[in-house]
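Chains: A, B, C and D, in written order; residue numbering restarts at 1 for each.
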Amino acid sequence: MHIAMMGLGRMGMNMARRLLRGGHTVTVWNRSADKVRQMVQEGAQGADSPEAMVRMLPQPRIVWCMLPAGDVTRQTLETLAGLLSPGDMVIEGANSYWRDDAPQAAMLAERGIGYVDAGVSGGIWGLEEGYCTMVGGDAAHVALAAPALDTLAPADGWRHVGPVGAGHFVKMVHNGIEYALMESYGEGFQLLREGPFPGLDLHAVAALWNRGSVVRSWLLELLEAALQKDPQLDSIQGYVEDSGAGRWTVLETVHHGVAAPVLAQALYRRFASRQDNAFSNRVLAALRNEFGGHAVKRS
Amino acid sequence: MHIAMMGLGRMGMNMARRLLRGGHTVTVWNRSADKVRQMVQEGAQGADSPEAMVRMLPQPRIVWCMLPAGDVTRQTLETLAGLLSPGDMVIEGANSYWRDDAPQAAMLAERGIGYVDAGVSGGIWGLEEGYCTMVGGDAAHVALAAPALDTLAPADGWRHVGPVGAGHFVKMVHNGIEYALMESYGEGFQLLREGPFPGLDLHAVAALWNRGSVVRSWLLELLEAALQKDPQLDSIQGYVEDSGAGRWTVLETVHHGVAAPVLAQALYRRFASRQDNAFSNRVLAALRNEFGGHAVKRS
Amino acid sequence: MHIAMMGLGRMGMNMARRLLRGGHTVTVWNRSADKVRQMVQEGAQGADSPEAMVRMLPQPRIVWCMLPAGDVTRQTLETLAGLLSPGDMVIEGANSYWRDDAPQAAMLAERGIGYVDAGVSGGIWGLEEGYCTMVGGDAAHVALAAPALDTLAPADGWRHVGPVGAGHFVKMVHNGIEYALMESYGEGFQLLREGPFPGLDLHAVAALWNRGSVVRSWLLELLEAALQKDPQLDSIQGYVEDSGAGRWTVLETVHHGVAAPVLAQALYRRFASRQDNAFSNRVLAALRNEFGGHAVKRS
Amino acid sequence: MHIAMMGLGRMGMNMARRLLRGGHTVTVWNRSADKVRQMVQEGAQGADSPEAMVRMLPQPRIVWCMLPAGDVTRQTLETLAGLLSPGDMVIEGANSYWRDDAPQAAMLAERGIGYVDAGVSGGIWGLEEGYCTMVGGDAAHVALAAPALDTLAPADGWRHVGPVGAGHFVKMVHNGIEYALMESYGEGFQLLREGPFPGLDLHAVAALWNRGSVVRSWLLELLEAALQKDPQLDSIQGYVEDSGAGRWTVLETVHHGVAAPVLAQALYRRFASRQDNAFSNRVLAALRNEFGGHAVKRS
């Protein structure tokens, strides 16, 4: 099929490549033109504006948005609403908040433009291994996107999970689980390292566990790779960002009354990893000093 | 090699089978004789007592203990101490507390008997897929056990991780992580089920995530299988046992000052799953009634 | 001063009483008239409609809203917007979401009507002990409310903490902390009860700790009272409701990146207290069965 | 009564003073003699060795041990076992592990010496306000100690809670709760500080909440005092020690199968407060880099 890819970041550029390799015609647009030129060299059609991009597509036009979630995506969808025609369709593939999908889909539907939300997992490995993709929207719209999804995903690696928003919702929960899996390994490996057997070969343990143990997983394979390169992770600081999805997951557990202690702890540990001298800890130190006369570290 | 297997429970019996299939001679003993007869039919040598078992082994004798952890294992090791000779060796493969290994090894070492502790993962799948095995002990003792370990484990699936106790310690942390991974999926799938998109096909999501997503894992494959059989797990009660390893892991995090919120929560959720009407919750309900006049559910 | 009280629930009725005792003139309105009649017998002026209530007040009219948070409160404020005059003022004292205050204040400000949000703590004890009250709004509006606040609160027990919304925000955090304090005592007393010294006199411990220990508090005094009436809380079920404030607190910690493991756990325990057979626990039981052949409790 | 106080640290010295003020005769011993001299100036009898101390006491001799928990206390009790006579008694008042009490009591009982364990709360405020004291042991031994306990504690502020060990056990749970209460306030005040209303007067909120709110407590009074001295706790580092009791509490919850998420989190937050660049966080950062190509902070 002929499809447009808007946004050539870490994810979008590799997805365009995978589509090209799959035999599709891909028209690309990106805010900075150098990445467009790069993809033209690799076989894509380059557009220097959304308007030009839209003109280059056959009808019904299919546009995959892979831009930063939030304002940039929303403004781009508003631009597309003015450029596309009834029967055209947008696939919103960013790491977006699922609550944004319904209003965006409604805005486009007013002009007869279709909307599919796609939660895409796979990171930098997706180019070779394929992108696991969770898709929400009307069946007719998803059918239009299917040829691209077949190429982007590994075998059986995409699915229409529900109405508009469901794709991003399922992806959100995926990321919430991901945070908690990562934290599980993190805590366990810290205990291996700081427990009663100093000098355990952490890389060897990760490698071993990946061969037949109950805790084997893709994340553990990645940890095995990381520990091979840097056995004590000495070159890495324990400063951990969080994207929106981990936060949204915790918000949803609160909204829906789902007890989720592990999902929430995994998020809070990331917050704490970025905060030296947290105020809550200063409160504790101050209280210990007040009631017990315990020494306090002074700033 | 010729090896004895003491204990033909869920784990020991399949391990004996895998050793037989690997061409080893296996002498088996079990508390109840019917399982011994079963294994004799499958090609093992059957012993009707530990004494008989020891007599049937060539020197140096290698005995794999796969009995219930704790008292049964300890008493069996004391019995073996009186039956074995210098140069013989025991492999202690139960789900034992690593702190028990050093005194048990010392007790046997007084008589010149070797001791290797083996943490074995793989469950009922080990027969076909192999048992991932974490081994602690002296190098010379581990070398004696190597032919059996080569057969029991999948390729590269066993490793000598440290001195006596280290095998069980690494296995303990493995199980602690396992609890937390399981809880991560549990909370996430509950949110999928009770969130804003009722009727999500949970089995389909598990299957999808196993195809290329960041959270793919063996545990998720098992969950995919379970959800295929019972899409809402309606036939299963949310009553979750815990074995010792999850508890020991939390104890170690406390002893070694390792912050492990996710590992501990995963354990506490299991405790709570088995307790209706927890006293802590009754305290909360009573307090709400005291300060706010809030209605209380009476027993 | 002359003030109206809308809503004669558990909180509003006692607050009207305390205002009457303090020498104020209080005009009361309530959805069901019997409580109005009750308060008239106790010295209040009764109004049979918001319109009548407003007509009975001198200008500038001061109306205290003590209605259920959410829709009821919002609709009542919209009604008041059509009845009150420039210079009049509303004090919104319900357990409301602080994010609702700014739009409500703006809606009233369009008509020149003032708005103060008041977070009120004290429960059923407030009538005798006074209501600790956290107030948000413009200084001029708060000054109008001051005579009523002086009466309602204990000495130094109300304060203007910030702009519109700040009163309810501070009250929200108060309740979030309250949940965590309650959970702290709940867990501790469960350990006292189920630990190595069976038969500990829990009431005696609560009473003892209230006399000079570091953990003495008003909540512990309430627990002491509850345990005196029912030493094992046998008559109470461990089923714990949560109001909005505990949830909002956790949402805010996520929005503002504040690690709050204890606040969140306290909320999640309440969720779990109301859920038998949680799906997350069924996932765990199913997984244990899949990998280990562990027995499962069937429904 | 005439009583000996061994150990003149922060707690022991003030307890000796309170006993003196109560009209008791107090013989003091301390490892460093300057504190003995200080107390002699305040009216105590000074002993320059345990032997001298024992000789100065009338029979039955009552010795209060207020030394560092663990080895120092145990060794001192062994010394006393050689110095005291049948009918004498030791009160072990340190912040000791309750599991140590039974063997220590048994060791002394072999020589006819009584043993009472006393968990003492009150910190540096105890001198003026009294020490809340939880007492374990035989009734006859507790009766011997009663005159001192009556003086040390505030009114109704000591109690015989159970057999040997129960005093320290109840004190342990007290401290576990204390950690969680402190963490509750810490998290809440951090949210006040970093939430949507910058510049909230934290001291004013603490002061307000202490006047009639549900969360009022002695700890909150201490926080009010600390915030008055240093409104943002700028002079204090968020580095929080933990004594044994918080750890032992979590260990007991695991041993007894009591779900205690809040007690455990409060402990883990203290661990984390003392650890920069935690390995678990480095694992997370490494994994994010592996799967997503996310930038990592390099050391």
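Here, a residue touches a chain if its C-beta (ideal position, glycine included) is under 8 Å from a C-beta of that chain, and two chains touch if they have at least 3 such contacts.
Here the structure is a predicted model, which is why all the values come from computation and not from measurement.
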- Item | Distance in touch steps, counted as few as possible, from chain A out to chain C | 1
- Most widely separated chain from chain C, with each centre as the mean of CA atoms: B
- Message: Distance between chain C and chain D based on Cα centroids, please, to the nearest Å.
- Response: 34
- Note on the structure: The distance between the C-alpha centres of chain B and chain D, rounded to whole Å, is 39
- Task: Could you tell me the distance, in whole angstrom, between the mean C-alpha positions of chain A and chain D?
- Result: 48
- So which bits of chain D are touching at least two other chains? 123, 183, 185, 187, 190, 194, 214, 219, 253, 257-261, 265, 268-269, 272, 278, 280, 291
- Task: Under the touch definition given earlier, write down the residues of chain A that touch chain C in their complex.
- Result: 214, 247, 250-251, 253-255, 257-261, 264-265, 267-269, 271-272, 274-275, 278, 280, 291
- Name, in rising order, each residue of chain A that touches chain D in their complex. 10, 123-125, 182-183, 185-187, 189-190, 193-194, 219, 222-223, 225-227, 230, 233-241, 261, 265, 269-270, 272-273, 276-294, 296-299
- Residue ranges of chain A in contact with chain B within the complex: 98, 121-123, 126, 129-132, 134, 153-159, 161-163, 165-166, 169-170, 173-174, 176-178, 180-181, 183-185, 187-188, 190-192, 194-197, 199-201, 204-205, 207-209, 211-220, 249, 252-253, 256-263, 265-266, 268-269
